[in-house]
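Next come two complexes built around chain A: one with chain B, the other with chain C.
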Partner chain A sequence: MKTLEFLIQRLAKAVMVVIGVVILNFLLIQLAPGDPAAVLAGEAGAGDEQFIAQLRAQFGLDQPLYVQLLSYLKNVIAGDLGFSYRNHVPVADLILERLPATLLLTGSAFVFSLVLGITLGVIAARRRGSIGDSVIMTGALVFYATPLFWVALMAVLVFSIHLDWLPPFDMETVGAGYTGWARVLDIAHHLILPAVTLGLFFTAVYTRLTRASMLEVMNLDFVKTARAKGVPRGRIIRRHVLRNAVLPVFTFASVQAGQLVGGAVLTETVFAWPGIGRLMFDALLQRDYPVLLGVFLVTATVVVAINLVTDLLYRIVDPRIEATG
Partner chain B sequence: MSFFRRYAQNVGALVGLAILVVVIIVAAAAPILYPVSPWQGIGDPLLGPFEDSAFPLGTDMLGRDIAAGLAYGARVSLLIGVISTAVAVLIGVSLGAVAGYYGGRVDDLLMRFTEFFQTIPAFAMAVVLVAIFSPTITSITLAIAVVSWPPVARLVRGEFLSLRSREFVQAAIVIGQTGPRIMLTQILPNAISPIIVTASLMVATAILTESSLSFLGLGDRNMMSWGFMIGAARTMLREAWWLSVFPGVAILVTVLAINLIGEGLNDAMNPHLRGRKG
Partner chain C sequence: MNMSKRFIYGLVSLATIAMAGSSLAQNSPTPGGTLNMIAQPEPPVLMVGLNSQGPTLYVGGQIYQSLLSYGKDLKILPSLAKAWEASDDGLTYTFTLQDGVKWHDGKPFSADDVVFTADKFLREAHPRWRYIANTYVETITSPSPDKVIFKLKKPFSAFLYAFELSSFPVVPKHIYEGTDYRTNPANQTPIGTGPFKFKEWKRGSYIHLVKNEDYWKEGKPYLDELYFRIVPDAASRGVAFEKGAVDVLRGGDVEGFEVRRLSKLEGVTTTTEGWEMYSPLVFLQMNLRKAPFDNKLVRKAVMHAINREFIVKNVWFGLGEPATGPLASTTRFYTKDTTSYPFDLNAAKKLIAESGIKPQEHTIRLMPIPYGSQWDRMAEYVRQQLEQLGFKVNIQAVDAGGWSQALSDWNFDVTFNFTYQYGDPALGVARHYLSSNIIKGTPFGNNGGYSNSKVDELFLAAAEAVQTDQAAKAYAEAQKILTDEVPIGWLFEQRNVTIMRDKVKNLVRTGIGVNESMDEVWIAK
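Let's turn to the complex of A and B:
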C-alpha cells in the first residue's frame, strides 16, 4: 500500500473515532437523568426556571434529536466545547490552558516507564532464573497490583513528608518568580514524583512484556545461528534479540496511551498538578458536566493522535510492516 | 496430570488462592465480626494502630474503626469486581462469538465497534459514565463492564474464527445444527479456558478501577469502600498515615492474589505455553 493512501485511511479512522466520542457525549447528555439543559448548566440554576428555559432555547433542545446532534457536532468541529457556567469561561479555553501540563506529565511518565521497563525486562530475560530476575519480576508483579493513586500518596508520605526531598504539590514553586533555566529546573523538580508514580504501573507492564518478548525471540533459529557463529552474547542481545523483541512492546505501549492519560486524572488529583486531569476532578466536584465531557473528548483525541503517530512511525521503523485496514 | 495437580504445582497461585479465601471469609463475616456499621464512630478519633486493643488498625477522624471499614470494603470490592467482570464477559463473548462465527460484514462492523471502545481512554470514560448517571453500585458496576469488555470480544472472536473451520464444527453444520446452537454447544466449550484466564485477570483490574473511582469520590454513598477510605484520608496524610496505608495494602494484597491466581490458571490450563511467559 502506498504511504499516502495509508495515511489518508488512518486519518479517516482517527476522525471517525473522534466523531464517535462526540456522538457518545451527546447521547450521554440526553440519557442523563434530569433535564439536558440542567445537565449542561451543571445544575447551576437548579431553582431558576427562567435560566433553564433560556438555556433550552439556546441549545435548541426543542428541536428534533438529529437536528440537535448536528448542531452539537458543528459546534465541536468549530472548536466550541460548550460553556462552563461554574467558571464562566468557555470549556475549550479552560482545557487548552491546562493541556500542556498534562502532556508534560504523561509524556515524561511514558518515556520513564518505557526506558526503565525495557531495561529491566532485558536484564531479567538475560539472567533468566537468577536472583536479579526474581527480584525484578516480583517488583513488577507488586506494582502491577498497586493502585496508582495509592503509590502517589505513599510517595508523598515518604519523599515529601518524611524525607522532605521533593515537593508534594503544584507544578512550580508559588511566588518564586523563577525565569529561564531556573524555572525549568523548578518544574523538573516538581515533576519527578508525579511522573515516576504515574509511570511505575506502566513500567511493570513493559517489564513483563519485554521479558516475555525477549525470551520468545531468544528461542528463534537466527539467534542460534548467531550464537553458533560465535557472536558475543552482549551483541546478540543488543543487535539480534532486542531489535526484534521491542516492537510488540511499542505496539502495546501505543495502545496503552489511553490508560496513561486516564491515570493522569488520579496522579494530578493527588499532586494538585494543574492539568486536565485535575480539571476533570474539579469538574466532578462541581458537577460541571460540560467540562467533564470536554476533557473526555480531548483525552480521546490525544489518544487517537498518539496512535496515529505510532502507526506512521511503525512504517518507518519496520519497513516489513504492510499495515492493513 | 489433572488440572488441580498442575495448579497446585505453582506456589504463587496457591498463595494467591489462600489470600483470596481469607479476603472472602472476612468479607462474608463482616457483619458478624463488626456488628456496628463501619460509618459509625465508636472510638476516640485518630487512634493510631495498636494504641487501643479494641481498634488494632486505629480509627479515623470521626472515630470509625479502620478494621471494620476494611472488612466491609472487601465486600464492595469483590462484589463489583466479580459482577462487572461477569457482565463484561457476557458482552464480550456475545459480540466476539457473533463476529468470529459469521465473519464478513458483521465481523467488520462489530470489530470497528470494539476497536472504538478500545481506543477511547477507559478510565476517563468510566469517570464520565459514573458521574453522569450518579454513583450507585449499579452504575459503577455497569460503567466498569462497559469499559472492560473489548479485550474479551477480540479474544473470543479470534478463537471462534480459528475453531469455525475445524472438522467438528463442519460436521455440526452438515447435520443441520443452527448457528447459535453450534456457537454455544460446540465452539464455546472449546474456547472456554482462555476466557476464564482473561476473566480472572479482569476481576483484578475491575477492583483497581472501582477503588480509583471511589477515591475520586465516585463511590456508592451507602457503601464503605477501600478507595473511599483512602480518598477521605488524603488530607490527613501528614497527621494520620494509617488511614491511607491500610486500605491501600488491602487493595494491593487482594489484587495481587487475584493476579497470581490468574497466572496459575493460565499455566494449568495451557501447559504447552508454560515457561513462555514465566
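Let's turn to the complex of A and C:
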C-alpha cells in the first residue's frame, strides 16, 4: 500500500518536472542568437526579407512567444512533437528512427561497465596491495582521467587501422544486405569499439567505488563474525561484503542510466553511430527548435523515469531504506 | 611563377602518360558496379528545390536535373533542354526539351513541369530564382509539350546561366501542385528525372540510390548503385577513404592537411576541376557603416597588410589562388587590369597614417565564419596583421546560427564570408555590391553597406546588356572602381580538391563537378 502511494506521488511529481523542463527549455532556446528561418535562408545562399518573413510565418515564429509556447504544450500533451523545419519530417519520426541505435549503444556500454567495473573492483579489494590490485587501479585511474574522444581515436587507430580487427565506424556494413543472425553479428561487431569506449569511464568509476566500499565493509564487525563462524571466503565476499558495498555503485549507476539517451554525442560522432545525440547536436547548430525540444523532452522523460525506478529499486537493494516521498 | 608553370607542365605530361597507359588497358566504359561516396554534412532533405547546400546537390543532383548544365569553360551544355535560343532583342528565350523523359514514378515529363517549376514552385521556395523571376520574367508558357518560352520584361545577360542544378532543379508538377511544398511527405521519397532513383535513406548512416532503368539517355547510367555514407567525424572520413570504404572524397570532406596525405596514396587521382561554375571566392567582410572601415584608406591598408599568398599556402595548404578583385579568375568577365594590393606592411602603415584615424582607439571584433579550423587559423592570422597596424582585435567565436544572425542584422565589425559566382557576375557577385541589396535578414546580401551609384549603374547596365561585349565593358569598369574602393577585402579563390580512386572514371566532367548527373561515370574492373 505504501509503495503504491509512493508511486502515485512520485508519478505526479514526475509529470510536473517534465512539463517544467519543457517550458524551461523552450524559453532557454529563445536566448540563442539566430532563428531557423535565418539559418535556412543562410543555407540557401540568399534570401530577401520577404522570403524570410514567409518562412517565419510558416513555422509560426511570427507569433508572440507565449502563443508559441502554449500551442507547443498543447501539441505535446496531444502527443504531437511538431514538424522539423529543416528536415521536412515530423519530429517524432526523426526521434523514433534514431532512438534504438542510441539505446543499443548506451545500454551495452552500461552493462559492460557495470559488470566489468564491479568484477574488477571485487578482485582489487580481495587482493588488496597485490600486483593485480595495482594494475587494476592504475588502469582505472588512466581511463578515469583520459578524455573520451582521445580514447575513441586511439582505439580506432589501434584496433581498426593497425590491427584491422574491428570496423572503425558505422553501425553495420553498408550495402552488405545481411538479415537475421548475420545482421545481429554484424551489428555486434560494429558495436564493440563504441560501446567499450563509451563504457570505459564508468568502468573506472565502478571499479574504484566498488573497491573502496568493499574495503570499508570488510573491516566491519559482522564480517569478522562471519569469518570467525567459518563461512567460506567467497561466500563472505558475495553475500556479506558485496551486498553491503554495492549501494554507492548503485547510486552512480542510476546517474549513468540517466544519460542513456542524451549522453553519447561524442561517441556517436567519432564512430558515425546513427543515434539521437547527433540528431540533437545537429538540431542545435541549425536552430531546428522542434527537434531540439523533442529530444530534450524524451531525455527528460527518461531521466525522470529512471530516477523513479531507481528509488523503487533502492528498497530491494537495501531493504533498510524506507520508500517515502 | 615559372616554377609553378613548369610544375603544371609536368603534371600534364604525367597525366597524359597515365591516361595513355590506362587507355590501352581500358578505354570503353563497362557497365555495373557500386560507387561509394560521403555526404558531409548529412543533407536535411534531398529535394534540391528546397535546399541547395553542397551535400544536397551532390546527392540530389543524381535524382533531379535542371534545364542546362555548364562546361569547365562555362560553355552552356544541354541537360533536360536539348536546345535553347535567345531572340535578338534578348527578351525571348525558347527551350526545347529532350524526348522520352520520364519521372521516376513512370509519369511522362513535359513542358508543364518546367512551367510549374519556374512559375510556381521555385518562385515561392527558391530565394535566388525568386529574385530573377520577379525582376526579369514577364511570362512563362509552353506552346507545345516539348517547348518552354520565357518572355522577359527587360534583357538579362545572365539569363542562360540561371538554369544550373542549384538554381533551377525541375520538379514534378503532378506531385507538388496544390500542396504545401515544405511539408509535402513526397519530399522524403524524391521523384526526379535523373540517372539514379531514391532507394533508402537511413538517417545518420547512409543514402542509397539505384540505377534508373528508364533513364532518357540510352544505355546510361553505367553504375548500378550509389551509396552516400554519413560520417560525421573528419578523421573517420579520411580513414574511410584510406581503407577503401569510399571511393571519392568531395572538396571539404577532409581537412586540408589530410588532402595532402591522401593525394599521395597509391592508386589515387585528384583534381581541382569541376568548381568553375561556383568558383567560391573568400573575402573579408568589413562593416562600412562604422569607423574605422568607413574610411577607404583603412580598407586599402588592410588589403596591403594581409599576405594572401601566405594564407593560401599556410592556412589552406595551397588549395587556392590569391584573389585580385570581386570576380574569380575562372569566371567570365574577369579582368586583371585593376588596382592590385601586394603585401606591403609599410605601405599599409602609411595609408593608416594618411587616413587620419588612430588605430589604437579602435577595438575590432573579428568574427570567423564557423566552418572549421582553417577559418579559425585564418582569423588568427588576420588578427595578427591588423594588430600590426595598431588596432586592438578581439576574436568573437560564434556558431552558424549566431554568425548568420549577426551578419543579417549588420551587428559585426569584420567577418569572413564567401560567394559562389554561378557563372556570371549578375548572379553571384553583384549582390554583394549593389546598394539596392542593402537588406537585413540575409548573410549574403550587401551586408557591409557599400553604396556607390556609379557601380550600381554599371552592374545594372551589364545585367541588362544584350551584347556580351557591352556587358564585358561595364564589368571591367566596375571591377576597376571596386578594386580602388575595396568595399570587401578579397582574400582568395578556393580550389576544392576531389580525391578519388583511379578506377573511378569520368566523375568530374563539367563545371558543376560532382553535382553533375553521374550518368557517364563508370568503374574500371
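Keep in mind that, in the parts below, the second predicted complex is superposed on the first by the 268 of 325 C-alpha atoms of A that agree within 3 Å, B and C clash if a C-alpha of one lies under 4 Å from a C-alpha of the other, contacts with A are read in each partner's own complex, and residues count from 1 in each chain.
We adopt the following convention: a contact is a pair of C-beta atoms (placed from the backbone, for glycine too) under 8 Å apart; a residue touches a chain by one contact, two chains touch by 3 or more.
None of the values given here were measured: they were computed from a predicted structure.
Asker: Have a look at where A:258 lands relative to chain B and chain C in the superposition and call it first, second, both or neither.
Answerer: The first partner, chain B, only.
Asker: Once chain A of both complexes is superposed, is A:154 in touch with chain B (first), chain C (second), both, or neither?
Answerer: Only chain B; A:154 stays clear of chain C.
Asker: Of the partners chain B and chain C, which touch A:49 in the superposed model: first, second, both, neither?
Answerer: In the superposed model, A:49 contacts chain C only, not chain B.
Asker: A:269 contacts which: chain B (first), chain C (second), both, neither?
Answerer: both
Asker: Which holds for A:248: it touches chain B only (first), chain C only (second), both, or neither?
Answerer: Touch status of A:248: no partner.
Asker: Quick check for you: in the superposed arrangement, does A:139 touch first (chain B), second (chain C), both or neither?
Answerer: A:139: touches no partner chain.
Asker: Would you sort A:88 into first (chain B), second (chain C), both or neither based on which partner it touches?
Answerer: The answer is second: A:88 touches chain C but not chain B.
Asker: In the overlay, answer first, second, both or neither for which of chain B and chain C A:33 touches.
Answerer: both
Asker: Once the two structures are fitted together, what part of chain A is touched by chain B and by chain C alike?
Answerer: Looking at chain A, the two contact sets intersect at 32-33, 39, 153, 156, 161, 269-270, 285, 287.
Asker: Please output the residues of chain A touching chain C within their complex, sorted ascending.
Answerer: Checking each residue of chain A against chain C gives 32-35, 38-39, 41-49, 51-53, 58, 83, 85-89, 94, 97-98, 101, 153, 156, 160-161, 168-172, 174-175, 268-275, 278-279, 282, 285-287.
Asker: Can you name the residues of chain A that touch chain B in the complex?
Answerer: 16-17, 20-21, 24, 28-29, 31-33, 39, 141-142, 144-150, 153-154, 156-157, 161, 212, 215-216, 255, 258-259, 261-263, 265-266, 269-270, 280-281, 284-285, 287, 289, 292-293, 295-296, 299-300, 303-304, 307
Asker: Using the touch definition from the top, list the residues of chain C that touch chain A in their complex.
Answerer: 34, 36, 41-42, 44-45, 47, 50-53, 126-128, 130-131, 182-183, 187-188, 202-206, 208, 225, 227, 229-233, 235-236, 239-240, 242-243, 245, 398-406, 408, 420, 431, 439-445
Asker: Which of the residues in chain B end up touching chain A in this complex?
Answerer: Counting only chain B, the residues touching chain A are 116, 118-125, 127-129, 131-134, 204, 208, 211-212, 215-218, 227, 230, 234, 237-238, 241, 244-245, 248, 251-252, 255-256, 259-260, 276-277.
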